[in-house]
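Some structures to go through are shown next.
Next come two complexes built around chain A: one with chain B, the other with chain C.
For the complex of A and B:
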């Protein structure tokens, strides 16, 4: 069979399909439409986001064939996928890492569009559909985290429900709608499953379609040049002329860069998935297990960090108002400024704003990673007093160190870098507080610390204060009270008025500070 | 030709990938914890004991990661202390007292600890009892003056052991253990080791005597300091 005949065999069915559908006539202009010659590597992030979204759909459908969306079986089915299905863990790892990568890539794409002023006329709706895509993807990430149905999911839902619950008037109803009842249960998982696999992906696919159609309609923006000003009345005409004259076809000129970048992203994704494996599932979603340290997935870590910093009095207002205001501002961006300069060098205020937002999100993410969920519940019995804090101590101070463990101070306070983070580290407490101040703080608490006066008798109090008064670097003086007579007389017995034992107990505070 | 090589290489890499289900990211299958295993003993110790009873110069109470301890203490004594608590600051770990372990688990745990840190020694081999023995207080006064006072008298360089506040927190058993085991890593000699002003160490009788004498300085007269940390709710106990 010669070459010509072979080509005919392939050509005939293609022509038949083209005749009936017109698919080639439809897609040729999509591939060959002209894009700016200056559109180089800055323009690859949107394509990479789309690639990750495609991976999400493919891996998600595969996972959907094995995942059991019921409260009693979900966790077990993930273990099953991880351990029994060949490369099932890889599927989950790809889905998880691709989800994070999509959020990151989307954020970079959005930042690039913002910094290059590409949202200005006539691309306002490109930006707005992008904002809604971002929200949809974040919603997918959150509902995806719930699919794991582990401790992180449980407490993530708990925080979400608590926020929704604070909505005035409709709080109860909204929470019931979110959870499918008064508590987190099987109904909740089913609800989030429906959102995660039907509603949100459908919405995302629709929005991607609109976003792409708008790109075809309005063209890809050129690289901004200082002095090239966007004037709505003349922009389209000028843009079309420039594309005619100096544009290059999307395929293959621009598409090849997209392909290279997507290829690199894909290799990185497979590496991350193969090396770090799937996300979770963490511990069982059991609210009675208090020795837990749940964290949201990274896209929400900054919100977790921000919430951990809120002063209690302002929590409700800030948690309910700031998302609305934030989304409103994002949507309003192209209307606040849809003409004029696009070049970053001519928009220094906007650049500073972008840098500030990125830094704030990074800083809050760090806060979210490190902020304590609860005290370290077994700190008192698991973390030994470091050598430097027991060496050279008197018997009473040593008993104080035991009391320090016994009273579970370690659950909230660090010594030598280990311990809870609810309160300050106490390695150098004696340089900040005098023995009297420590007595007051331990007895009465305050500043987020409970009062221990009722739980410690006078001997325990004396010992623990004696121990704490030795916690300072050898070359630093201990705390002094300005204006007080110094040094405090060594060995003079001080009488602690103890309301808890009912009697004044002679407490040789001096024993605690004899190392002075 | 180039195309063929590229195709061949990609097929090969895909095949290699599919064939390999042993990447670092693959979740490890959870291994069930067997009670009595070394891993169980170690993790139980690390979660429940290590905060106070560690090793060397670490931790504020007597180190358990220490062959010297296991030479003196018998399994029965250790089980007793873990199950019932000791003095003021050592809580009871027995489930019937509100603790986290059953009596069987405690027995297994002590057995496991001896295997880990007291391998080859059985308890009661230290030449002295692990539990407190009653002594003669007036004889103890002499022992204290000659052996202990140079460092441990009121105002002494190593800190007073007759301080009533100290004695309210430590039982006679605690005093006994402090003398018997010492803290070598912190510079405190054990009972039979030479002391600064007392080159020969002590005899078991002298240890008993001096503990009796020191205990006399305790504000309460009972043999063991029984300071309740939290006042018991009268009504709750009455209603039983």
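For the complex of A and C:
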């Protein structure tokens, strides 16, 4: 058989398919359209996001064949997938890690587009469909967390429900719509299942289609150069001319970078998934198991952090209004500025804004992870008292150390770096507060501390104040001496000091008033 | 005759429709010829039929989706066991099956609460949910405080707010004692507008 005949054999069915479908005519411009020569490594993040989305669909469909979307079985079915199905754990790990990777890539992609001013004319709708894609992906992440149906999922829904419940007038109805009833139960999981596997992926696929169509229509933006300003009336003509003259075909010239980057991402993903394994499921979704410490997944940790830092008086308003305002601002970005300079160096204010937003999200995420506002629930029973705080103490003072643990003070106060961070660390409390002040603070509370007056008898109070009054560095005087906050040349061994020396000095003079 | 004209109209209409749907070729609807009164009528008639059918079909669909928001779920009196389980002056953990539940709820239908016996015959029953964002609060007998692990809400033993972000005290169930048993009025997840 000669070469010509072989080509004919291959060509014929291809031509038949092309004749009936037009698939080649349709896809050729998708691959060969010209993109700016300057589109280099900055432009790979959108492709990576799309790759992770594809992985989500494939692994999600696979998981859908085994997952039981029922509140009574979901948790067990995940355990079954993890432990009994061959490589089931790997599939769940891929789905979980790829979801995180998609959120990260999307954020980087968005940041790049913002910093390069690529949202300006004529790509306003590229940006806006991107914003809706971001919201859809975050919704997928939240509903995906619910699919785990563990304690975090249950109480995470509780937090969501409590926020929705604060909506004025319709809060109750909206909460019922969200939960599918008056409690978190079977219908809740199934509602979120329908969202997670039908509605949101459908919306995401549609939005990706529109997003890509817009890219084809408007072209990929060039790397911004200072001085090359966007003028809507002349931009298209100039862009088309430049593409004609100096553009390169997307495939393979630009696509090869996407392929390299996506390849690296994919291999990293598989390694991460194989090494760290799937996310959860955590504890059984039994709301009577209350020894739990509910935390959201990472994409929402900054929100978890933010809601703990809001002032209680305006909390509800901020919780309900800020998402609406935030989304409105994101949508409005291309309308606020759709022409002019694109280069970061000519838009310093926008760069500062971007840096600020990123830093705020990172800082709030860190706050959420460390949760310094949360009591360490087992601090009182699990943490030892560091030896330097009991060494050489009198029995009364040591009794105070016991009361200090017993009354759960440690849940909110650190000693020697261990304990809650809700209140101040008490390692050096005696340099700041006199025994009288300590008595008042413990009895009456205040400054976000409960009053313990009713729960400690006078012997316990004497002991605890005796203990706390010894808590200061050996070379610093206690707060009963005026000006004690200044380093004083008193180097007396701490252990020999009576905790009650100098109580006659008025507390106010001692300048040891708590900063709270 | 009428069959013929119908067939013709259908053919033309279809050609326009199918093209518009696929390939992004931008197929445009054929202009409705104003002189063709029958076709104009058929178009309106078809639109009307679809509209009526759509509304009829939408009623159950929309009703199904928004049903939970419209339903009035009723709390019921739930038995928490003999009052002797709750010694005077103490706060004890109690669980019950939610009276509002569905067959697929599984463990989620279980509910926990804190029962405080103030003195013999006088109780306070607190919802497990923190008034801030609903996380489960834990009782600490030694300091007589409830603490929340999420954002650090703290409550005194009588449920009043002691510290942290909660805007109010713990939610309380209505209770009564009947035949030596403690009953609470339970069901709905507590929310800020109500006291369970």
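The rule is short, and it goes like this: the second predicted complex is superposed on the first by the 466 of 516 C-alpha atoms of A that agree within 3 Å, B and C clash if a C-alpha of one lies under 4 Å from a C-alpha of the other, contacts with A are read in each partner's own complex, and residues count from 1 in each chain.
Note that in this section contacts are C-beta pairs under 8 Å (C-beta built on N, C-alpha and C of every residue); 3 or more make two chains touch, one makes a residue touch a chain.
Keep in mind it's a predicted model, so treat the numbers as computed, not measured.
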More chain A residues touched by chain B or by chain C?
C
Contact-wise, after the overlay, does A:451 reach chain B, chain C, both or neither (first, second, both, neither)?
second
What is the contact status of A:476 with respect to chain B (first) and chain C (second): first, second, both, or neither?
neither
Thinking of the overlay built on chain A, is A:406 touched by chain B (first), by chain C (second), by both, or by neither?
both
Just chain B (first), just chain C (second), both, or neither: which does A:177 touch?
second
Touched partner set for A:287, first chain B, second chain C, both or neither
second
According to the stated criteria, A:165 is in contact with first (chain B), second (chain C), both, or neither; which is it?
second
Between chain B and chain C, whom does A:241 touch in the aligned arrangement: first, second, both, or neither?
neither
If we overlay the two complexes on their shared chain A, which of chain B and chain C does A:84 touch? Say first, second, both or neither.
neither
With both complexes superposed on chain A, which partner does A:373 reach: first (chain B), second (chain C), both or neither?
second
Do chain B and chain C touch any of the same residues on chain A, and if so, which?
380, 406, 454-455
Seen from chain B, its contact residues with chain A in the complex are 17-18, 21, 23-27, 29, 46-52, 54, 56-61, 88-89, 91, 152, 155, 158-161, 163-166, 168-170, 178, 185-186, 227-231
Contacts from chain A onto chain C in the complex sit at residues 22, 26, 70-75, 154-155, 158-159, 161-163, 165-166, 171-177, 179-190, 213, 284-288, 290-294, 304, 307-308, 310, 312, 315-316, 371, 373-375, 377, 380, 406-409, 411-412, 422, 445, 448-452, 454-455
Which bits of chain C are touching chain A when the two form their complex?
23-24, 65-66, 68-71, 73, 93, 95, 98, 100-112, 128-129, 132-138, 140, 142-145, 147-152, 154, 156, 162-167, 187-189, 191-193
Of chain A, residues touching chain B in the complex
82-83, 86-87, 89-90, 93, 270, 273-278, 378-387, 390-399, 401-406, 410, 454-460, 462-463, 491, 506-508, 511, 514
